[in-house]
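Each of the next two complexes has chain A plus one more chain, namely chain B in the first and chain C in the second.
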Partner chain A sequence: MALFDFFLLEAIINGILFGGVLALLALGLNLVFGVVDVIWIAYAELVMSGMYIIYTLHITWGWPLLLAAPMAIVGVGLMGLVVHRLIIAPILDTPPINQLLATGGLLFFLQNFATLIFGADFRNIGLSLPILQIFELYISFSRLLSFGAAVLGMIGLYLFLSRTYIGTAIRAVAQDREIMSLMGVNTKKVYLITSALAGAMAGLAAILLVLQQDVHPFIGFSFGPITFMICVMGGLGNLIGGFFAAFIISQIISIGSFYGSTELSYVIAFVLFIIVMFIRPQGIFKRNT
Partner chain B sequence: MLKLTDISAGYGAFQALWGINLEVKTGEAVAVVGPNGAGKTTLLRVISGQIAPISGQIIFEERNLKDLAPHQFVEEGIAHCPENRRLFPKLTVEENLKMGAFIPSARNDYANRLIWVYQLFPQMLERRHQLAGTLSGGEQQMVAIGRALMSKPKLLLLDEPSAGLAPVIVMHVFDLVRRIREEGFTVLIVEQNIQQVLELVDRAYLLEVGTVKLDGTAEELKNNEFLRQAYMGL
Partner chain C sequence: MKRYLLIAAAVSILALLPLFLVPVYYLHLLILVLIWSFIGTSWSLMGKFGIVSLGHGAFLGIGVYATTVLWNFQGLTPWIGIPIGIALALLLALLIGYPAFRFRVVGHYFALITLALGEVVRLSIIAARNITGGSLGMTPDRVQPPTDVSWYALQFSDKRYFYVIALLCWLGALLIWRWVNRSMTRPALEAISEDEVAAASMGIHVTSHKLRITLLSAGMTALGGILLGLYNQYLNPSSLSGISISLEIVFLSIVGGMYSMLGPTIGAIITIVFRESLRTYFGVSLAGMSESIYGLLLIVSIIFMPRGIYGAVETWLKREPPPSTSAGADPDPDPSS
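Coming up: the complex of A and B.
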């Protein structure tokens, strides 16, 4: 077999591994939209905050990484709770544009706050995981680990949503929020739990990204827009649609980068997105929570 | 059990109820009948706490429910089976019933209550893993009533259980309500199907443009000349 094919295969595998993390990000954003009916513009910046939490605990304070990493889940989960309680809840019943502006404001706040504390430098946790070699294939172990953890996180969320009372209530709210009080369910509490959950997923994504990338205050721009694109393409609020859209987009980027350049692949992905929006503005997959 | 005194309520600037007095005693079945837009649904929404009255008092089991949040009414023992059934279409039948048993007291007894509701409506057992949105109208009504029963309410509010159903199914649904009565539940039912519902209840109120026009026992109303002429075409 020609060497060329191995490189393509490698690109496809990397696309799948990258897709896992994107799917996790899309899932958290979709969850909040489907249940609370709010778009967290600053979602990627919550992930960035999680990366800095790990960096601070591990590098500055010297905690072992295995202890610092889970703190990102706890910390960003709490941030999700605070974002809902302080920013979203007071304006939940006002026009959606207010919520967009408010979470947009949060985006700039977090970016500048991070710049203030950490500066604009690229920082990393100084961990280098081995590269695995299978025949002629080179796969980064950190990407494999990230993919595995993302899949585990998504399975965990699936089990939570399908097996528990509160998880079922979260899905029910997405279908008919008005009658939840007839079930004796306090919707405000469901919103808080959902926001914490989405925050925790951003925290998990932070762990996975900090293993592969340097963190800087504007890192959110490198995966934030693409996460939104995936959510819209899969049908906003549609958890399963977002999951599949993540893998479609990651393949386009990965294979596009292989044949052309990374920049070109992003252009292709966004052009495809615009075309999809013209043909199916409701997303590729019909909304289904 | 339930006593409404001089209840007025509405939505924003629009007032739907004007000084309603209504009473339901333990073990009774009471109907609220009347034309479209009379305020029947609004009345049930006030009783289950979905909208706060502008004025007047709701006393339930000797307690004033004024300061409770909407979701706390279920725990007080009031279950509301809403207009158009409002099942969660993408949850299974059993998940819908599970949502009906969300309050702690029902949750702790969930397994028993599930068996009890399936005994009451055996058809639901066959459909338990089916998505509620794929059921027929009659089946959906059954699930909606079953969901309300999961909290074992002291008072069951039914909003137009016969709406949008074929006549044969309507009879079936009324049979279900009769069985629920026999189980000892207190029922307040809103209906447009006046003749049929009067066969089912002890007493009834006729609502017209937000006020109680008539009230009395089912026998009295069946023989009321005004009601017969205006609403039953007799």
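Coming up: the complex of A and C.
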């Protein structure tokens, strides 16, 4: 039975776990799109910055990893705040494509600033987590951790948005920004908080990525485009949709890599994305209301 | 009349430049500036009407790889390979453009679709590593027997040949720009970029207008890619397709000013001169320095000068009221600009 061989099962399980990482990456991007209606094209570069924050604190300055890792969340959260305040806010009223392109400038800046400071070398924090063996299946522990963090991050964000006062305000602004500002909600403040939250999510993703990958200035290009595709496929701004889209895409990539080559499976994922965009531009999981 | 004399003088100075003893390095920079201006101008033909593509690397890559693969494996001269490469780019533009414009995929969504397209082409080139050399890149075979000047293979050891070819292409792009600006396509596309539904209700065929300008832009971009490949005699999937180069094309045009005929050229001059001078003065120790400043320049440029450097200078010279911060239609009524 070729269909039930362990390697395929392993590919599927690893696909699910990889989906956790992608879902976590998509979470912050989706949040900022849903609320502020802006695509941070430099989102993957914010994650990269978080990875370098951990690297610098842990390796160069010798902080313990458990202390350095939360600093990535704080640091990138602050970066999210600054990005919104300095780049997005001044051009919030111009066509959305301007905002996308302005964060594109940020992408260039972050990538090359990282090259300037850290060089183009691949760097890692020198920590390798064990690989779990269950029967004949080999499962990467760091991926399992990312998967767990993605689920926790998702639940945490959901609780924050649904149970807290400010979370309710964020959801209200996401639904109708004009009306909410008439209702006396300070949209500027809501945008700032959302951006900081999205940055913090990028920081969380950075922690989990730094455990399994070497960091280099151009690492954003390896997972950035696929993250955008996931957000759009799930329906931009739809957190749950993005979560499921992450698993669809990751299964395509994982099983595709198992049968063919990694590049071709990415090609299939991108082509699927393009086709989905033509058929359902609002994303597969967006409700038709 | 005086204007035409001025243009004729400028063109003849540019054309006669290689006859004087220009150091090879400066000639190299000039060629790069001309080719990138050509590509930037091609992108801006779409971009200035609010059709922002983040995937022009796709057209760049498919054209140059088709031409080179045909030359290396079939011995087909670039004179036939170039039209085939351009035709493939046009086909790709049609495949992506027709459904996108038909189903009203605009703004963010169009940008992201084209971004995906650029990645599809880059990854496909890498996946076909048996013939394209994968991410290591490939070099076009030297013409046999080796000669210094081969019009058949378009391989020249003297850079001056390429200078003239690049100059002609760049002038051609400027003429196309002027032609588009003076045709009925311009007001139609401007109306579309303001409001698609309203434009359609006025009887403007939205899909076909957008598709035509996209095909034009894609075909020219493919030719630009082929020029780069022939000039460098080296092809690399990351530097000819994918997200990174696509964004560079966009930024070069925006910094220079995508609403003006010479804007992308100014952008190319600034980008290349800036990068090269920082590289020669500081060496590799400051790798990333010029691009970092460039990135900041981009952010500032989009926030404060949405019409780019050329546009800002132009507005300042004309002392017009400050332009709206719109990436949409060019409010400038002067068709020759």
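A few notes on this one:
Here is the rule we use: the second predicted complex is superposed on the first by the 280 of 289 C-alpha atoms of A that agree within 3 Å, B and C clash if a C-alpha of one lies under 4 Å from a C-alpha of the other, contacts with A are read in each partner's own complex, and residues count from 1 in each chain.
The rule is short, and it goes like this: a residue touches a chain if its C-beta (ideal position, glycine included) is under 8 Å from a C-beta of that chain, and two chains touch if they have at least 3 such contacts.
From a predicted model like this one, the values you see are computed outputs, not experimental measurements.
When the two structures are aligned on the shared chain, A:L137 is found in touch with neither chain B nor chain C.
Contacts of A:Q175 after superposition on the shared chain: chain B is touched, whereas chain C is not. In the superposed model, A:L159 lies in contact with neither chain B nor chain C.
In the overlay built on the shared chain, the residue A:M183 is in contact with chain B alone; chain C does not reach it. With both complexes superposed, C is the one of chain B and chain C in contact with more chain A residues.
Looking at the shared chain after the overlay, A:F221 reaches chain C, while chain B stays out of its contact range. When the shared chain is aligned, chain C comes close enough to touch A:A114, but chain B does not.
Every residue of chain B that touches chain A in the complex is listed here, in rising order: 48-50, 69-75, 79-80, 82, 86, 88-91, 95, 98-100, 102-103, 107, 147, 151.
Chain C meets chain A in the complex at residues 50, 52, 96, 99-100, 103-105, 107-109, 111-113, 115-117, 119-120, 123-124, 126-127, 242-244, 247, 250-251, 254, 286-292, 294-299, 301-303, 306, 325-328. Partner chain B is touched in their complex by these residues of chain A: 165, 168-169, 171-172, 175-176, 179-187, 288-289.
Contact residues of chain A toward chain C in the complex are 39, 87, 90-91, 93-98, 100-102, 104-116, 119-120, 217-218, 221, 224-225, 228-229, 232, 236, 261, 263-264, 266-267, 270-271, 273-274, 277-278, 281.
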